Amino acid sequence: MYSFKNDYSEGAHPRILEALIKTNMEQTAGYGLDEYSESAIELIKKKIKRNDAEVHLLVGGTQTNLIAMAAFLRSHEAVISAETGHVLVHETGAIEATGHKVISVPSKDGKLKPENIAKVVEQHTDEHMVKPKLVYISNPTEIGTIYKKEELKQLSEVCKEKDLILYVDGARLGSALCSFENDLDISDLARLTDAFYIGGTKGGALMGEALVICKDSLKKEFRFHVKQRGGMFAKGRILGMQFLELFKDDLYFELANHANKMADILREGIKTAGFEFMIEASTNQVFPIFPNDLIEKLQENYDFLLWEKIDVEKSAVRLVTSWATDEDEVQKFVNQLLNEVQNN
Amino acid sequence: MYSFKNDYSEGAHPRILEALIKTNMEQTAGYGLDEYSESAIELIKKKIKRNDAEVHLLVGGTQTNLIAMAAFLRSHEAVISAETGHVLVHETGAIEATGHKVISVPSKDGKLKPENIAKVVEQHTDEHMVKPKLVYISNPTEIGTIYKKEELKQLSEVCKEKDLILYVDGARLGSALCSFENDLDISDLARLTDAFYIGGTKGGALMGEALVICKDSLKKEFRFHVKQRGGMFAKGRILGMQFLELFKDDLYFELANHANKMADILREGIKTAGFEFMIEASTNQVFPIFPNDLIEKLQENYDFLLWEKIDVEKSAVRLVTSWATDEDEVQKFVNQLLNEVQNN
Amino acid sequence: MYSFKNDYSEGAHPRILEALIKTNMEQTAGYGLDEYSESAIELIKKKIKRNDAEVHLLVGGTQTNLIAMAAFLRSHEAVISAETGHVLVHETGAIEATGHKVISVPSKDGKLKPENIAKVVEQHTDEHMVKPKLVYISNPTEIGTIYKKEELKQLSEVCKEKDLILYVDGARLGSALCSFENDLDISDLARLTDAFYIGGTKGGALMGEALVICKDSLKKEFRFHVKQRGGMFAKGRILGMQFLELFKDDLYFELANHANKMADILREGIKTAGFEFMIEASTNQVFPIFPNDLIEKLQENYDFLLWEKIDVEKSAVRLVTSWATDEDEVQKFVNQLLNEVQNN
Amino acid sequence: MYSFKNDYSEGAHPRILEALIKTNMEQTAGYGLDEYSESAIELIKKKIKRNDAEVHLLVGGTQTNLIAMAAFLRSHEAVISAETGHVLVHETGAIEATGHKVISVPSKDGKLKPENIAKVVEQHTDEHMVKPKLVYISNPTEIGTIYKKEELKQLSEVCKEKDLILYVDGARLGSALCSFENDLDISDLARLTDAFYIGGTKGGALMGEALVICKDSLKKEFRFHVKQRGGMFAKGRILGMQFLELFKDDLYFELANHANKMADILREGIKTAGFEFMIEASTNQVFPIFPNDLIEKLQENYDFLLWEKIDVEKSAVRLVTSWATDEDEVQKFVNQLLNEVQNN
């Protein structure tokens, strides 16, 4: 049984484990004040070309989102999210638990458009309603689509105009930036957004997300919020060392490229076999529509998520690849698919 | 420069890193539903002799405390803590940020007594005041003292009588249970308390705390709270594997014994050199009172915390040992101390 | 200029002011523990035929909603509301500020149906999502429609089946129960729901809402929550006296009948004049669709709310009547309408 | 039985009820946007000589405190209060329920001194602890003492120096400003503090507190917080009219003078009868120490609070006077006291 269920089913890239072992008995300062964390942060600031940015290394995505929003917002200020947004649906009300409403915006492709934001702002007219203040987008989105540079630029402009914070959830940011469709550089994110995070957990690390705060006013006393929400990591160097390893020679992007390549092979194979997709995605998630009996047969050898019922006979499934995905297994999957189709 | 500053300055016990490497490319379920986590939890339940307990593996201490209290308490219910309690002082208002008051009780030795609790309950008479509901103690306390079995039994009784939850912060639990003064077995905690956690971060792991919920009514839908507060760890097996390694053959206690032994050598040396202690502790923290000029000399070779000014000439300092403390360095410290004293 | 803008533009029914004056210099216990409040509560329990219910007299609607939900729910539990629900849209995130998500359900007539609730429950499958726990409905709804007995019964059944709390916002409850379409008795609410409130502010009082808690498990230590959220009223007898006056001889329903009668006259006149309605409502809110130029002319003499743009030429407006609405003014409004139409 | 139990046992000053009756059927805008509220606010701004201040009329004291602190503070920022402070002890954790720690400072006379504040700031050194940000004082204090101008000036200076918000709970502000010891003008409060509230509930109104925000940065979008916490009053004019009546010709101070005069008579009589006081207070609360058997005798005719056990034979009690206190009853109380003493 091989799993395409998610991008966190293996441990970490071997180089990361080696780095941990090599430095294991060194004594360092705690809580992210060690030299490894500091070097990783310097490296990230160089990559994103924003020496003035503030970078915080945190353990997980939900944690990063909730700490950021709790720190950035006053209690009457709300988050705008696409209806597919992770903070809206899949974080057990983490943002609401810190006191903030998350406003849902319908979206077919998982993306927010400037007109969506303008409309939400327009509808919230007075103090009887929350005040929309932070725009939450994910790149890639939760269904694998990405923002092009022009789209992000337009969002950035509408946010500046309406005095909104633009925040990007980058749980799979590497995969977005290495997509064949992508025209964004990581430094564009630092230039066009107010804060974003670079996902490590799904990008080759044991765990860890690097939150980048670009806007000055959002930086103030941020570490208090990290501690208050349980995100201050005693052995912070473990996070530092991982990001150091991922960014010192572009390992991060190399691994994302591998994940995307595996997804591309899947997509090609699926197309060749004659199937369609629920959504045209260009990152490490693939959403083919299969007949239900085919799904059952594939499930004998592969683990993956049933995503959505399409009709009585067909369903969309989700296949996820990662830095760890074995190309042989991908080929075997495609071969089984082609065989099944031929035999029918 | 050698550090006695804390018990989280090194990485993890080598066996833990080996286990991570060995299983690195296995595919497992996420979010703590993997076999390693399940085995670790079974092992812990066996150790504590409570097959009916629920165990949750979490990343850090503040996170564990805040998730537990947010899940256990209604918003008008409050926590009782000694004035030295970690949740009261050193977690940046984490408990208050989830909506609960923490009531401070004066304490010289860091411990709560039954009469303290009875008094707090008595003083909170009606709905104009919060309702005390959870008793928070640390074992060992934040200043290194421990609870004897009789003391814990009495606390347990007063809590039952007053319908209070008894919760133990066990960030350094190993050290308490391996103290020369200790008469508690880990199964006594599971028998006498409603919930407690077994600290991994300060006990040889990279990170991780095992929260044990003993009382049935506190278990309900606890994983929702873990997720909501950002504590659901994607690659949960990393926590599982560490606790598995620590508990499969008592490595956890072996490491705590080493830490305590190092502290005992320090204590003996300090006594021999003629110094007194701010508090008589029997675990891996030592609080000697030194003349200020001696402190300056020691600081040339050692890193440790200035704890409290005693008078114009003397201060209490904190020395912490751990599973990783080097016995040679401990001896060298004691030797320097004896030399300095002799030369004066 | 006469106002049909809302049902809280005048003070209180004269009998209420008289009662306040008559008892003004009596000394009573504070915080709702006075005899007037106690008598009012007894009276309400008799009316609703639930001697076991608990009644709390509170100042306003948002306050009542937020205290109830904060007291009833654990932090991972969420509220289900129609997209028009007051708690969802018009309370500035009051529920979220106490830590709970409010899940929005599309609804054309402002009402929730059993199938809406079943679907929400079905979609929330695990601990990565909030747990739906309280169904919030308003009767009448925010757009003036009402629940029939059969509808409420079905909601009650689905809530029992799914272990959900059924809560009714009765800001305008009198108007619902006196609607020509209504077949509910106030005791049906006490029988079919877990909690509901009887609105005083919009029903003839200076202010005040009577929250009725029917379900035993929701009553526990409720007054702590009232105090904690700032809802404990020092001179509680002022609330008590008002509800006593409103319920001792059905003044409450008499006033609601007047409000509804005024709305019926408006509806009849509008129909006669040939206009349609945005929604067919049977309570004290009327939502006619008028040409924009007619609206402008009416605005010279009347104050009311522009509700929704229908197309380039027409808009829906909201006319609200109350216990205080002057029948002469209603007739004058209708006459002007008929004249304007005739002259065109 | 006559009650000296509190200052909210009667209704409102007759002039207030008259004003409500006179304007009862006028139609006004809701939510505090009516002309009465606006006039009251203008009047208050004139009285305090701060035309730039922002005034919000709210229903009660706990509500005012919690809305202000929730609006003013970020979640890691804490309140400093004397151990007797109302927010610390008697508001059921209202401030903590909005996410903020309240730090307790020991105080014999209910007052905070500059050195208390400096010490708290000094002890909170880094992001592992909350950040003290708002100094909460009550004038008069909860035990009837008052701040002199020099004391308030010094607090103001230390707050400016340490970047702290100075907030005054004025539930009984009239009584403080009319005390024989007082040298503060109400305009001094507006000059020396960042925010304070003028208590109406205990000063002759049915209910209502006027929150004055002096510091510009604290004003931003405050009404959103009022609404979010359930403090937006539909018929806001009821609050407006009351403050208009209380301030249009110094009725507020006249009523406070009466309350203080009644307390002065009590104090004189108690001294003459040979008793001591738990605390030397100069406002409308009196804390005599009486033998327990005398207390029992007085309780046959008078209602008052047992405050504190002094020793086996004596206890301190609390007698409260108000705008409504009957001078005859005060004289009768003093006479009974003198008689009881003579007869012993």
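Which chain is which? They are A, B, C and D, in the order written, and residues in each are numbered from 1.
Simple rule for what comes next: a contact is a pair of C-beta atoms (placed from the backbone, for glycine too) under 8 Å apart; a residue touches a chain by one contact, two chains touch by 3 or more.
Just so it is clear, the structure is predicted and the values come from calculations on it, not from any experiment.
Peer 1: Consider the two chain pairs C-D and B-C; indicate the one with the greater count of contacting C-beta pairs.
Peer 2: Most C-beta pairs in contact, of the two: C-D.
Peer 1: Which chain's C-alpha centroid is most distant from that of chain C?
Peer 2: Checked the centroid distances; the maximum from chain C is B.
Peer 1: Could you put a whole-Å number on the gap between the CA centroids of chain A and chain C?
Peer 2: Their C-alpha centroids are separated by 43 Å.
Peer 1: Any idea how many Å lie between the Cα centroids of chain B and chain C?
Peer 2: 51
Peer 1: Could you put a whole-Å number on the gap between the CA centroids of chain C and chain D?
Peer 2: Centre-to-centre distance between chain C and chain D: 34 Å.
Peer 1: Send over the residues of chain B in touch with two or more other chains.
Peer 2: Those would be 70, 75-76, 91-93, 97-99, 127-128, 130, 224, 227-228, 232.
Peer 1: In their complex, what parts of chain B are in touch with chain A?
Peer 2: 2-3, 6, 8-12, 14, 17, 20-21, 23-30, 59-67, 70, 91-94, 97-98, 201-202, 206-207, 224, 227-235, 237-238, 324
Peer 1: Which part of chain D faces chain A closely enough to touch in the complex?
Peer 2: Contact set of chain D toward chain A: 70-71, 74-76, 98-99, 127-128, 130-131, 221, 223-228, 232.
Peer 1: Residue numbers of chain C touching chain A in their complex, please.
Peer 2: By the definition above, chain C touches chain A via 75-76, 78, 89-93, 96-102, 104, 127-130.
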